[in-house]
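Below are two complexes that have chain A in common, paired first with chain B and then with chain C.
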Partner chain A sequence: MPTIRHASRWKALLLSGAVLCLAFNASARAANFESPQDGVYADHIDWGMTADMSGPSSGAQNPWGQGFQDAVKVVNEKGGVGGRKINVLVEDTRYDATAERVAYEKFVSQTPALGTSGMGNSSAQTAMVPLIKRSKLPVVGTYTTAKAAVEPPTPYFYGGFCGFKEMAQTGVGFFTDHLALKQPTVALVHLDVASGKEYAGYMEAAVTARGGTFKAIPIKVVAADATPQVLDILAMKPDFVAIHGVTTTSILVMKAMLQYGINAPAFAISYLGTPTVYDGLGPDAGKNYYFVSCFSPASSDLKVSVALSAAADKFGHSALKDDVNYVAGYVIGNMVADAIGKAGAEPTREKLSAMLNTGYVANTGGLSSELKYTPTDHFGLTALKPLSFDYATKSFKSYGEYADFGKYLQ
Partner chain B sequence: MTTLRSSVLRLLCWAIGIGFVLYVPFVLNTRTVFGYRVGNMVLLNLGLAQVDLMLISIIGAVSLNFLTGCAGLISVGHAAFFAVGAMAAAAAGQQLGLPFAATLIAATIAGAIAGVIAGLPSLRVRGLYFVLSTLALHFIVVFCFAEYQYAFHDVAGVTMGDATIMGFELDNNVKWYFFLLPFVVLVCVMLQSTLGLREGRAVLAMRDNELAAAASGIDVRMLRLKVFAFSSAIASLAGALQAYYFTSVSAEIYTLDTAIQFIAMIIVGGMGSIRGGIAGAVVWLLLPSVLVGTTVELKVLPGGVAQFLVGHQPQMVNLTFGVLVAVLLITAPGGLAGLARSFAARGSRQGSGV
Partner chain C sequence: MLMQFLASGFMLGSVYGLVALGFAAIYKATRVFNFAQGMLMATGAYLAVTGSVVLGLPLVGTIAFVVVAAGTLGVVIQWLLIRPLAGRPLLAMVMITIALSIILRALIVIIFGGGAQTLRLGLPEGSFVLGSVRISAIHATAAGVSWLCMALFMVFFRFSKAGLLMRATADSHEAAVLSGVNVNRINATAWALGTILAAIGGVFLGQLQVASVELENIGLLALPAVVIGGLQSIPGAIIGGLLVGLIEQLSSGYISPKARDIFVYVPLLIILLVRPWGLFGERELGRV
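Showing the complex of A and B:
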């Protein structure tokens, strides 16, 4: 009898030993998994990031890049993703389509990356759609989203910023209701570039859908004076004004409106909701200046921005935490780390894309509206909310939750 | 015996050069040399896409060098000629449905016509006034392209058709390289040969002394228009090739910055020399990438230095590039071609024992 018991004990011991060996082998294989052609190594993962860091839109895209890198630094300090650190390969593309293409191709095979983020040039995105489909390197979380890349959804392309159509619909809807207008009269000052034309189209559709009157007034990127545009606004007497442009566009238009005594409120696109613009405007012109955004500046909701503020302070970017561009970069950095984790212990480009394509919802901790991808929607963020700046408390103020403004989106 | 040895040596150099040019795309594409994988910095952080775009830029740079360096007509409208080529290719390929080869011919003809129009002010004005007229041309062409794009295509850009020649589709960088390389060689040989012809010598004479050239029976007015047409036709061809390479183009990519970059290329390379145009385009387009790769490698440096480099990589690259170009222009005002000439002259002096 004792011999039988002894034999079964040995069997159990051998069995558990075998199970342990298998488990150890499996975990060791996962930890040692490498796929250099996908930028995945035993101890780190290479991830590409392109942004305009020294070109015409560097004022907005630089904070985005800093936010992205700060988020990744925090993830790495906590041990990385699945034991691997994320190594961000940064490329300055100077808002140049050629440089954007070269950088993308670099991440495909030269210094292979698991994916890439940024790509803040819609002309380059449009041109690169066939290349992205062919190269199969996922672009996850873009700084701007070209219509051609997401309508219909391009495999391996996932947006990461509020869209112009949604900005127009939310802004027009909010101000029409807020000012209790039946048929709004709206003037839009926009840059005479492709994105300005696109935004003007969306604005016109949003205003005419409400039976209103609309006028698009172009302005040059390098304009040093907005008097002609403001004289047009003065003649039209709009209920509210919309602004598309760069930082100086907002400052020039709002200051000229103040000079000519136009007291109508104005709302700008998300990119122009920065402390720099409000500092440049000052309280007199700034009190009428709003913007619509799918990202929340830190001071607009202190509860949800604790981690962001800590990261910004730690890495010397305290001045940027109220910049929606920095917040956007921070959100996308965290989303990338989360998505890599969800792609499994042995991540590859194919697995990452497959995971995002089957349906993915990012936990942005309230710093943005819902960020999700479905097989039919690669846009990412849709809901926006209006915000403005309170000069008395030196903080941003939001006019509700993201969900409150979903009704304006068509 | 010495002549035979130097001939053999020259032949060997040519063979090595041709072998290198034919093998380099495969190395850059596969990142291997004879089957052995090599590090990124061994290949100077360069990729084949960069080389393809550089080949297109070489065509643009040598054509500008012919106009500015050889004929003495300073122009800041070269990006506009690229835009004309792209616009003509879009109209011929997308709207008229012409095949790829025919669109390239259409772009070249459109470029020549645009060149004649751009050259007309040169019959009346000189110097800075003429430069201003080419600047105006730039803005007019870009405006026309933008309006054409918004009216007939998408605001985001003009989608180009497939670049296919006799069923052979240019769908990867290696194919593009072997398609572009003969173009570059052909254009450079053509421009170099032109300078040796009667017309070419007349162009150089016009640059050196216009009055003397006119006195010797050269119709400088007609010659100016011919040079403009020739140069802009080549630039437009490059513009059409670039548009097809990108698969989609937008009026926004033809900025004044692009035009100034072409001028910088020929200054760095050496004005008035076709080789200078090539060297300038190579340095201007590839050196920044080498510098980026170098700063990435320097991240292994201790503490603060590495952190500074990581945080200011673009600024450091731009600063280093700017300093290198400034040093080059101070030490070699004739550009890289001038530097090569002075080295060659020094070498021959030492060889002859002078």
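Showing the complex of A and C:
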């Protein structure tokens, strides 16, 4: 018996040694794994990020880019992903579709990246769908999501912002119930551009589904005054107003509504729920201004925003932590790091995309609604909630949890 | 509704007229078609942000800061960029002003970031009713100050010695030089005044919405205003600004916001084809 036991011990020792050797070899191979054509190197991974940093939409996309980079900096400070730091290659595309395409092609082969994020130009996304399918460079976490890119899902394309259809349905549903209306009368002031017309279509569908009356009132991106639009609103006497546009659109419309004594509440698209808009409005006009968002500004839930606030403070972006665009960038930066980790120890573009496509749920720590991708849904975020700003406490206030408003989505 | 559109158009057009007046002042004295006028207007809004938010100055202090800083900027532009190119082809001057606009935009983005800045100067807010027309206090203030600035400029231009020299230089650059007029100083004064007027327009537009580099696009409406009114005409620039404001409100109100571009730029084309010197400009006759 002692001899047999002795032999078994030797066998066990040999087996353990072999397993250890294999494990060591595998980990050493993974650590040394390189795939330069995918932007993956032994010590770092190249990742692309495009945003409008000096063009017409830079006011919103700059905070997004800063949030994204701050999240990645925190990940890198903690050792990166699988021992590799994430090196963000930033391209300023100035809200220009051509620049967006050039940047994407650069990340495909000139300075290869494992994936890219941002691409905040829906026209560029629509035009680039064939290129993305062909080039197979994953676009993960976009600042806006073009319908053409996700309906049907484009392989290698994964959205990362609240959708216009969901914004319309949540806003109309919430205000109809909140104001106890049976058949709401709703006016929408929208930019006379493709996304504005798309949003007007979703708003009309949401209002007419409740038997209400709807009117779309266009306004120019570069408007100096909203008197014609507000006189239209005055004539219609809506129960509530919706706003699609840029920062100045909200400020001009809300200030003009105050001037003409229109006391109806207004809700804006997610992008316009920023401290700049509320500062510009002031308490008198701002008290009637709401927005719907799938991201939570830091002050709306101090418990879930601890890490975000710490990152914003650390990297000199304290003023941005209440900006939903910064929060969105921060969430997507963390999601990208997590997705790279889940793509395995030897990540490639193919493995990353395959992982996302087979079903992925990001842990956003409550900073957003559920962010998940499935083989049939590459949109990412669907649930939204209404928010407003409390001038007395200087903090954002949400009107419930994301799950409370899922009932409005169709 | 018509009266409301006319009132709004008049008040907005007054601000356009102010910016257009600055454009005309520069063109009349120096013959430089200043494509940077829109960005100078946006710069005015950011100067006001600097005065009120960064330096914490009160309203009067902020206005004084904007006027001094804008005037200095105008002189620096003339001295550094325009003066060395005197006598060069028109294209070089035009390219200089376009480059100036791009540089100013980049500087603003570097200093203030790409986002818009809130500008709250403590100007009167709220609204009042005059007959059947509802008027916003800030719009009325903007129009009032614009007309005051335009009146002061007209008085300066018509009755002061510097204004007389400016008119003399505008009439004949060579004759002014031969008469011993310091043309460079006159040109610098014109640039300072043009920049100040644009900056004041920017302060009001920044207060009406937010300070943003995109204000440049609104400021560039001064170009059709001065072409319609007459590049050489000071009253023409003011009336051109008023026309653009009225056309904008009426076309947006009765047709569509995009109709503004048609109704502003079609008259510009007609004017250029039929009466290139503008509604109030004087036809230039060359002696052969």
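One rule holds for everything that comes next: the second predicted complex is superposed on the first by the 391 of 410 C-alpha atoms of A that agree within 3 Å, B and C clash if a C-alpha of one lies under 4 Å from a C-alpha of the other, contacts with A are read in each partner's own complex, and residues count from 1 in each chain.
The rule is simple: a residue touches a chain if its C-beta (ideal position, glycine included) is under 8 Å from a C-beta of that chain, and two chains touch if they have at least 3 such contacts.
Note that the structure is predicted; figures quoted are calculated from it, not measured.
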{"item": "Partner chain(s) touched by A:53 [first = chain B, second = chain C, both, neither]", "value": "both"}
{"item": "Chain B versus chain C as contact partner of A:105, first or second or both or neither", "value": "first"}
{"item": "First (chain B), second (chain C), both or neither touched by A:284", "value": "second"}
{"item": "First, second, both or neither for A:91, with chain B first and chain C second", "value": "first"}
{"item": "Partner chain in contact with A:146 - chain B first, chain C second, else both or neither", "value": "first"}
{"item": "Touching partner for A:127 - first (chain B), second (chain C), both, neither", "value": "first"}
{"item": "Chain B versus chain C as contact partner of A:358, first or second or both or neither", "value": "neither"}
{"item": "Contacts of A:194 with chain B and chain C, given as first, second, both or neither", "value": "first"}
{"item": "Chain B and chain C footprints on chain A, overlapping residues", "value": "53-54, 192"}
{"item": "Touch list for chain A against partner chain C, complex", "value": "53-54, 56, 58-63, 192, 218-220, 222-225, 227-229, 231, 246-248, 251-252, 255-256, 258-261, 276, 279-280, 282, 284"}
{"item": "Sites on chain A touched by chain B in the complex", "value": "53-54, 89-92, 96-98, 101-102, 105-106, 109-111, 122-123, 125-131, 134, 146-148, 192-195, 197-198, 201"}
{"item": "Contacting residues of chain B [partner chain A, same complex]", "value": "29, 31, 40, 43, 45, 47-50, 53, 146, 149-150, 154-157, 159, 171, 173, 246-253, 289, 292, 296, 310, 313-315, 317-318"}
{"item": "Parts of chain C lying in touch with chain A, wherever the complex brings them together", "value": "1, 4-5, 8, 12, 15, 105-106, 109, 113-118, 120, 125-127, 134, 136, 139, 205, 208-210, 212, 214, 217-218, 221, 248-249, 252-253, 256-258, 260"}
